[in-house]
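We just call them A, B, C and D in the order they show up, numbering each chain from 1.
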Amino acid sequence: MSISRFQAFSDGVFSILITILVLNFSIPAYTAGHLAAAVVNQWPTMAAYVVSYFYVGTLWLFHHDYFNTLTRIDRNVNMLNLLILFSITLIDYPMSLVAHTLAIRNTQDMRVAFILYDLVALFVSLTFFLMYVYLHRHMDLKAPHVTTDFYTTIKFDPLRSVAIYGASIIAAFFSIPLSALLLVLGILFHFFAYLRMSGNLRKAKVKKVPAQPQPSREEKK
Amino acid sequence: MSISRFQAFSDGVFSILITILVLNFSIPAYTAGHLAAAVVNQWPTMAAYVVSYFYVGTLWLFHHDYFNTLTRIDRNVNMLNLLILFSITLIDYPMSLVAHTLAIRNTQDMRVAFILYDLVALFVSLTFFLMYVYLHRHMDLKAPHVTTDFYTTIKFDPLRSVAIYGASIIAAFFSIPLSALLLVLGILFHFFAYLRMSGNLRKAKVKKVPAQPQPSREEKK
Amino acid sequence: MSISRFQAFSDGVFSILITILVLNFSIPAYTAGHLAAAVVNQWPTMAAYVVSYFYVGTLWLFHHDYFNTLTRIDRNVNMLNLLILFSITLIDYPMSLVAHTLAIRNTQDMRVAFILYDLVALFVSLTFFLMYVYLHRHMDLKAPHVTTDFYTTIKFDPLRSVAIYGASIIAAFFSIPLSALLLVLGILFHFFAYLRMSGNLRKAKVKKVPAQPQPSREEKK
Amino acid sequence: MSISRFQAFSDGVFSILITILVLNFSIPAYTAGHLAAAVVNQWPTMAAYVVSYFYVGTLWLFHHDYFNTLTRIDRNVNMLNLLILFSITLIDYPMSLVAHTLAIRNTQDMRVAFILYDLVALFVSLTFFLMYVYLHRHMDLKAPHVTTDFYTTIKFDPLRSVAIYGASIIAAFFSIPLSALLLVLGILFHFFAYLRMSGNLRKAKVKKVPAQPQPSREEKK
């Protein structure tokens, strides 16, 4: 099965998701002449947006580099990918709950919102784990220049992030700031895992296929 | 007519549709400190979302594999495809009605919502049937490795699902849970029909064109 | 300048536009047990949606076939295309006004809504006219198999539709149904103009480049 | 790293962004029979939409031409690009604030809205500047026909626009119309900078690689 339409569809979902996050910003209720204060009070929306954009953006970088290691896909990869995308579409909702409850500042409700965000993040990581396990068992799909080691190295990254999000859930019962910190750490973990993965990929490539200048898109057309 | 822009446009519509379904989630009305209960009460939104995402995802898988059996398209395929996409865009609305009425639990209104969802699903199936009939009569568009049998085998699948959705409509007058069950069965039917179709495609390919390792997207660029 | 990214961006805008039209459907206000009547009363939304989907779909078909006659684009085509897309994005708003005023049935307001829709349609046609005039003067961009006649034949189609939309505006002061009819006729005119254009393109191709079986997307990858 | 998926994702975000701007139009509150006046009073929404569409459209043209000068991208370009897209997604919010406050006409609030728009525009320019600086230092990514001079010439354009937006912020404390004028000038500056850049690109190409007729997309398939 060709990988290009698979990537195009995934890119479509990622680009829409990352863009509709911004729809969480809306004109605040304010008394005439006091828009400035009302906008400043929207900092939780901005904070939740920055973190979620960074999160979805990192997931896209992962998806982009990871599926470049495959030569082709099969039906199961296509279906697992739909599950991954499903889990990512869910981020929008707890993001708006976190922003909303941070503005109201009721501890009970903030706890619920952070736990929901954690649960979605945990679910996202599990869907990536399923994909990793599947591809680890289907080495016939991988590109020749990628070593089996590559898949083994990253295979347990999602479980590591699951542990962080689990800790954030437990922390939510004691301290909202600690839970928030752990959630952000989990997302940062993905980013550093991405940097490591893409570094490994570059090394694999340099070793196996000496880099060659690629013709520009322009020239090929 | 080239098939690539046709697929890109379809992928665009599919990816947007599957993503805007998630906009049905919104911050519930709740009294401070009771967000948890309010979120739990949104289970109908989650249920309707899971089913509809699975439905649109399955339709995309179908679209993806089915149009890979064509070498080129003509104007009529392009127009029939616009009709298919039209029918799929309608899913969003009955999905939100089902979620809304399941939360309120008025039997009359739930019946209306399920019947509307059934009618849209029935319409979606009929548009696919039109496409199947058209392509069955225009075998010049198909790729050489696909047999005519392939199109004959799947041709009546949409009508089978129409029967299930029809039964769901009739059931709605007696029992909402039964109607809901039949609706979900109809959507599951698509999924199993997809698995069978893609299995047939794989067999067809193995027979006619021995599978070859494909160059990765990376290398080609 | 390569035409592929130009087409990808346009397809993106078209597919989003045609999909967000459906967001005009929302759960109606209704008293418990009377959802059916409330949904039936939404027929103006459905009517406006069907017409607008058909309109944007036809414009996409045009865009698709027309830009397949070019070998490359230049900066001005890119900028004119942004103007075309701009005009098309405006359709969403008068569509919702037409649906809204048809539900309320105040003659004054319906008139305003239809005139606004006509004005947007008129603007869309004018932007296509600008593109046609520009490309008629830049025959170096066209594909070798397309004759200069092709561009001359369709050049004045947009002005013909402008006349129909102008008539619809005038009619709005006397009769809303007549104005609505003329608006729908204008959109149907685009569809028949499209059928004629794509017919001419096919003839041009048969004459100059004998049709050849194209390799499937699958095989190329 | 291949540039095509990078461009597809960016085009996705650009096309969604430019299309959701139109969601700022909504049916105005009006008394029956006076829709016309209510629509006319929405001129600030239209003005903000025209300017913002023109702004995002210009940024897309930039992005389109600029990244055509690269043969490949690396991880850092991918991440800087996510930052650029992030900054552009923010435009939607101050655009709606500007439209809203222009309708209400409270000087204090208009000032806040314009300053916010300026800050976002300033941020957008800075993210482009970061990208320019990075690519200026990584000439190995550029296509052979593009001269180093090309990157040097445009490198400081973003800082020039930053100066204009800075002036608009200062002006907002004295005169809203002057601030609005400077904001529009800043956006027009991008457009003229784009025209100059794409002109330089064309010259570079004519000098190094003599223009050749490119095969149409149709024929290649």
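Note that in this section contacts are C-beta pairs under 8 Å (C-beta built on N, C-alpha and C of every residue); 3 or more make two chains touch, one makes a residue touch a chain.
Just so it is clear, the structure is predicted and the values come from calculations on it, not from any experiment.
*Asks:* If more than half of the interface residue numbers appear on both sides, call it same; otherwise different. Which is it for chain A and chain B?
*Replies:* The interface is built from different residue numbers on each side, given that under half of them are used by both copies.
*Asks:* Among the chains, which has its CA centre at the largest distance from chain A's?
*Replies:* C
*Asks:* From the C-alpha centre of chain B to that of chain D, how far is it in Å?
*Replies:* Roughly 36 Å, centre to centre.
*Asks:* Just give me the whole-number Å value for how far the CA centre of chain B lies from that of chain C.
*Replies:* Between these chains, centre-to-centre, one finds 26 Å.
*Asks:* Which residues of chain D are in contact with two or more other chains?
*Replies:* In chain D, the residues touching two or more other chains are 1-5, 7-8, 12, 16, 20, 23, 68, 72, 214-215, 217-218, 221.
*Asks:* For a test of understanding, state which residues of chain C touch chain B in their complex under the given definition.
*Replies:* Contacts found on chain C: 7-8, 11-12, 14-16, 18-23, 25-27, 30, 32-36, 39, 53, 57, 60-61, 64-65, 68, 195, 198, 202, 213-219, 221.
*Asks:* Enumerate the contact residues on chain D facing chain A in the complex.
*Replies:* 1-9, 12-13, 16-17, 20, 23, 68, 70-72, 75, 78-79, 82, 85-86, 89-90, 92-93, 96-97, 100-101, 104, 106, 108-109, 112-113, 116, 143-144, 209, 214-215
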